[in-house]
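Got some structures for you, see below.
Here come two complexes built around chain A, the first alongside chain B, the second alongside chain C.
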Partner chain A sequence: MEIKHEDYTVKFDSEEKKITCEGTFRLTSSEYIAILELLYAAADIKLDVLHVDFTDLVFLNSSGINTLCKFIIRLRNNEAVQVKVTGSHKHAWQKKSLGNFKKILPSLEIEFS
Partner chain B sequence: MAKQACNCEKSQHPLLSELKALQEQVAQLELEKQDLQIMLDMTTEHSDTVEEELFSRAEETSRESERKLRLIIEATPVAVVISEVATNIIVFANEIAGPLMGLTTNDLVGRNITDIYADPSMRTQLIKQVSKDGKADHVELEFVKKDGESLWADVSTRPLVFDGKSCVLSSINDIGHLKQLNEASRRFVPREYLSFLEKDSLIDIKLGDHVSDEMTVMFSDLRSFTSMSEEMTPQQNFDFINAYLGRVSPVVRNNYGFIVKYLGDGIMAIFPGSADSAVQAGIDKVNQVNSYNVERAQQSRQPIGVGIGVNTGHMMVGMVGEEGRMQGDAFSDDVNLTSRIESLTKHYSVSFIITAATKNALFDENQFNIRFLDKVQVKGKQKTLVLYEVYDADLPHYRTLKQESHESYERAMEHYYKKEFTKAQAILFDVLQKNPKDKVAWHHLIKATQCLDNGVPENWTGVTVMTAK
Partner chain C sequence: MQKTIGKFIERDTNKDHEFLIINFSPTTLPLDKKWRNNGLTAVFFAEYLSAFFPGEDEASKRRRSEVKGAVDYIANELLENAMKFSFLAHEAAVQLCVVLKPKMVTFYMTNCVEAASVEAWCKKLNLLIMEDTEALFMQQIEDNCEKNSGSSLGYLTMINDWNVSLAWKFEPFEGNEKAQQVTVMAHLPI
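Coming up: the complex of A and B.
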C-alpha cells in the first residue's frame, strides 16, 4: 500500500513489516484521512513486529503529528505488536516529537541515526 | 429469611453486571481521555518545536542573506550607503563610501546622512519618491565632503530592511568629472541647441541631425573690425573679440535663441520661437555695444559699431561636417539673404535691419520702433526685399528725433515710390533739418534728387539694385 504525492510518500510493505513516511507533510486534517486509513489498515493486520521509518520525514505539521498519535494508539490497542520507530538527527524536531510516542506506547523502541 | 436473601442475590446480579460494564466503560473513557490529553500535549509540543525550528531557520536565512548583501556591497566598486528611514542615520557604508566623502567608513557610519547633503530637504524628497515608486533611479544630488568641497553624484536608491529596520540603500556614483565634461561640452553645443534638436545629451548628436521649420535667423558683425585688428597684436585681438562676444552672446540666450556658430567676430543665431524675441535680442545686442562703448571711451579707446540683420523664413538647422568634426549650421535661401542684409547695415549706416518677413511675423510690432528702410534687390537674387530699420537702440536723443520725424519720413517715401520726387525731397529736407544725422534720410534725399535731375524710365520701380555683395 502506498500514497505518493509530489511532496510526500507513505508506504506500507507487509512483507518487510515496514511503514515508511518520507517528505514534507503540510496537509489539512481532512487530507490526512486517507493516510490514517492506510496506517490503521497496517496496524489492524496485527503483525508481531512493525518498523515505522521516519528517517526521511522532513516536515510534519500539527495535524500530521495528531494523525501519527492516532496510529500509535491503534497499535497500542492492538496489544500484540512490537513497534520500532527510526528517525534521523538531520531533522531536529524528530527527537522531541517522535520521542513522545513512548508516552502512548511505553514498549515502543526508538532509534535515531 | 434464607429465601429472601436468595431473592435479593438474584436481583443484585444484573445490577452488578451493569456496574461492572459501567466501570469498564469508565476505565475505557478514562484511557481515551488520557490518550486525548497526550495527543493534545504532543501536538502542542510538536507545534512549538517546529515553530522554533522554522523561526531559527528564518533567522539564519535572514542572517545569511544579510551576510551575502554585505559581501556584495563590500565588493561593489561604487559607494554604497544604507541609512535608516526614520532617523536618517547611516547604518552601513562600504569601503568606497567613506573616502568619497573625505571620511573613513567608520566615521561615516552613525552619522545623520543629511549632514553630507548640500540641501538636506532633498533627503525627504528622495524618501518620498522611494516610498511612492519603490525606487529612485539616477537622481543627481549634491553632497558636501568633509573639507567643504562639493560632490555631485548620481544616486540610485531602493528600500531595504536591514537589521530589522526600515532602511534605504543608495549607490552613490561620483559624476563630478562627468558634470565638468558636460559643462565643458555645453560651451561647444549649448543646451538650448540640444533641446532644439530634441536630444538629451551631446552623445546623441549625430551628423545630419536637423530641424526644418520656419524660424528667425540673426547675423551680426562688428563694424571695421578688420582695420581695427590690424593695429592689434594677436593676443589683443583675442582679448578684444572675447570681451565683445562675452557681452553680446548672452542676449541671444536671454531671448530664447541660441548661437549656431561664431563667424570670426560675427554671430549666427537662431530663434525658433517668436520673431519678437529675435528683434528684442538685436536691440539688446546694440544696447550692450553702446554700454561697452561707454567703458571703452573711459579707457580712451575708439567706439565699435555693430551691424545686425534679421530675417524670418523656412530653414534647416542641424549638424554638418564629418564624423570626426562637426558643428551646427543653418541653411536656406533665407539664411543666405540674412547674411547679405547684415552687410547692408554698412551701406545704410544703420545698426539693425529686419526684413518684411520678420516684421510681418511679429506678434506686436508696435512694441518696437521700426521704420521703412528700402526696397532692394541683392546681388545675384531676383527677389525684391523690403527692409526695415529697427532704431530702438539708437542713442536716446537720435531715437526721439526719429520718432518725431517717423510719420513725415514714411510719407516722403510714399511720394518717392509714386515718382513724386519733389514732394519727397521737400519732406526729407524738413526731416534732415531737424536731424541732420539721419543718414537714411540723406540716402533717400540723394536718390530723390538724382531721380529729379536725371529723370526715371517708365518702368521705374524704385528698387535699389545692389551691385556688390
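Coming up: the complex of A and C.
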C-alpha cells in the first residue's frame, strides 16, 4: 500500500512489516484522512512487530501529529504488536515530538540515527 | 474593552530592531492555495532567522537546525489557525510579526475573529494557562479519536514540545461590533 504525492510518500510493506513516511506533512485535517486509512489498515493486520520509519519526514504539523497519535492509539488498542519507531536528529520536530507516541504506548521503542 | 489571557507583552517598537512582518488578506487565495502559502511563509521566516545563527561546528549546526525547525513549526501553526478562524476576512488583514532577540524569538499573530465565539474560546485558552498541559494533550488525543474535525493540538504542542509561552490579547474591531481582533503572542526561548 502506498500514497504518493509531490510533497510526501506513505508506504506500508507487509513483508518487511514496515511503514515509511517521507517528505513534508503540512496538510489540512481532511487531507490526512487517506493517510490515516492506510495506517489503520496496516495496524489492523495485527502483525507481531511493526517498524515505523520517520527518518526522512522533514516536517509534521499538529494535524499530522493528531493523525499519527490516532494510529498509535489504534496499535495500542490492538495490543500484541511490538512497535519500533525510527527517526533522525536532522529534523528538529522528531526530537521534540516523537516522544509523545511513547506516552500513548509505553512499550514503543524509539531509535534515532 | 481590551482583554488579555496569559502574560501578554506588547512589542517595544523602539527597541525591537530585528523583526519581520508579513501582512495579507486571507481572501486573496482559495483555501488550498492559502494552505500552501502558510507553508511557504513559515519556511521563509525559518530560513531567514536561521541565518542569524552561523557557524559550521556541530553545536552551531544543531542550534541552527533547532531554531529553524521551531520557527517553521510555530509560524505554520499560527498561520493555519489564523486562516481557519478568521472572521470578516474581506475587511481584516492577517499579520504575522516575528521579533528576534538574543535569547528569544517572539511571534505576534493578529487576525479578526467572530465576537460571539470569543467567550467560549477564552475558556479553552484559560485551561492552557491554568492546567497541566501534558494531561490536556493526552485527553485531547483520546477525544480526537472520536471525530474528524480539527485537532486542537497546535497550542498544546507549542507549549509541551517547543517550550513556548503563549498569551492572547482581544480588542474591539473598529467599525464592527460582531468582530474582535485577536493577537496571539508566542515566546520561544532559543
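Following the convention adopted for this analysis, the second predicted complex is superposed on the first by the 113 of 113 C-alpha atoms of A that agree within 3 Å, B and C clash if a C-alpha of one lies under 4 Å from a C-alpha of the other, contacts with A are read in each partner's own complex, and residues count from 1 in each chain.
The working rule: contacts are C-beta pairs under 8 Å (C-beta built on N, C-alpha and C of every residue); 3 or more make two chains touch, one makes a residue touch a chain.
Quick caveat: nothing in here was measured; it's all calculated off a predicted structure.
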item: Superposition on chain A - do chain B and chain C clash or fit; value: clash
item: Which of chain B and chain C A:Ile65 touches, first, second, both or neither; value: both
item: Touched partner set for A:Lys103, first chain B, second chain C, both or neither; value: both
item: First (chain B), second (chain C), both or neither touched by A:Lys90; value: second
item: First, second, both or neither for A:Ser29, with chain B first and chain C second; value: second
item: Chain C versus chain B, contacts on chain A by residue; value: C
item: Residues on chain A lying within both footprints (that of chain B and that of chain C); value: 59, 61-62, 65-66, 69-70, 73, 92-93, 96-97, 100, 103-104
item: Residues of chain C that touch chain A when the two form their complex; value: 31, 35, 38-39, 62, 65-66, 68-70, 72-73, 76-77, 80, 134, 137-138, 141-142, 144-145, 148-151, 153-154, 157, 160-162
item: Interface residues, chain B side, partner chain A - complex; value: 35, 38-39, 41-43, 45-47, 49-50, 53
item: Footprint of chain B on chain A - complex, ascending; value: 59-62, 65-66, 69-70, 73, 92-93, 96-97, 100, 103-104
item: Interface residues, chain A side, partner chain C - complex; value: 24, 26-30, 33, 59, 61-63, 65-66, 69-70, 73, 89-93, 95-97, 100, 103-104
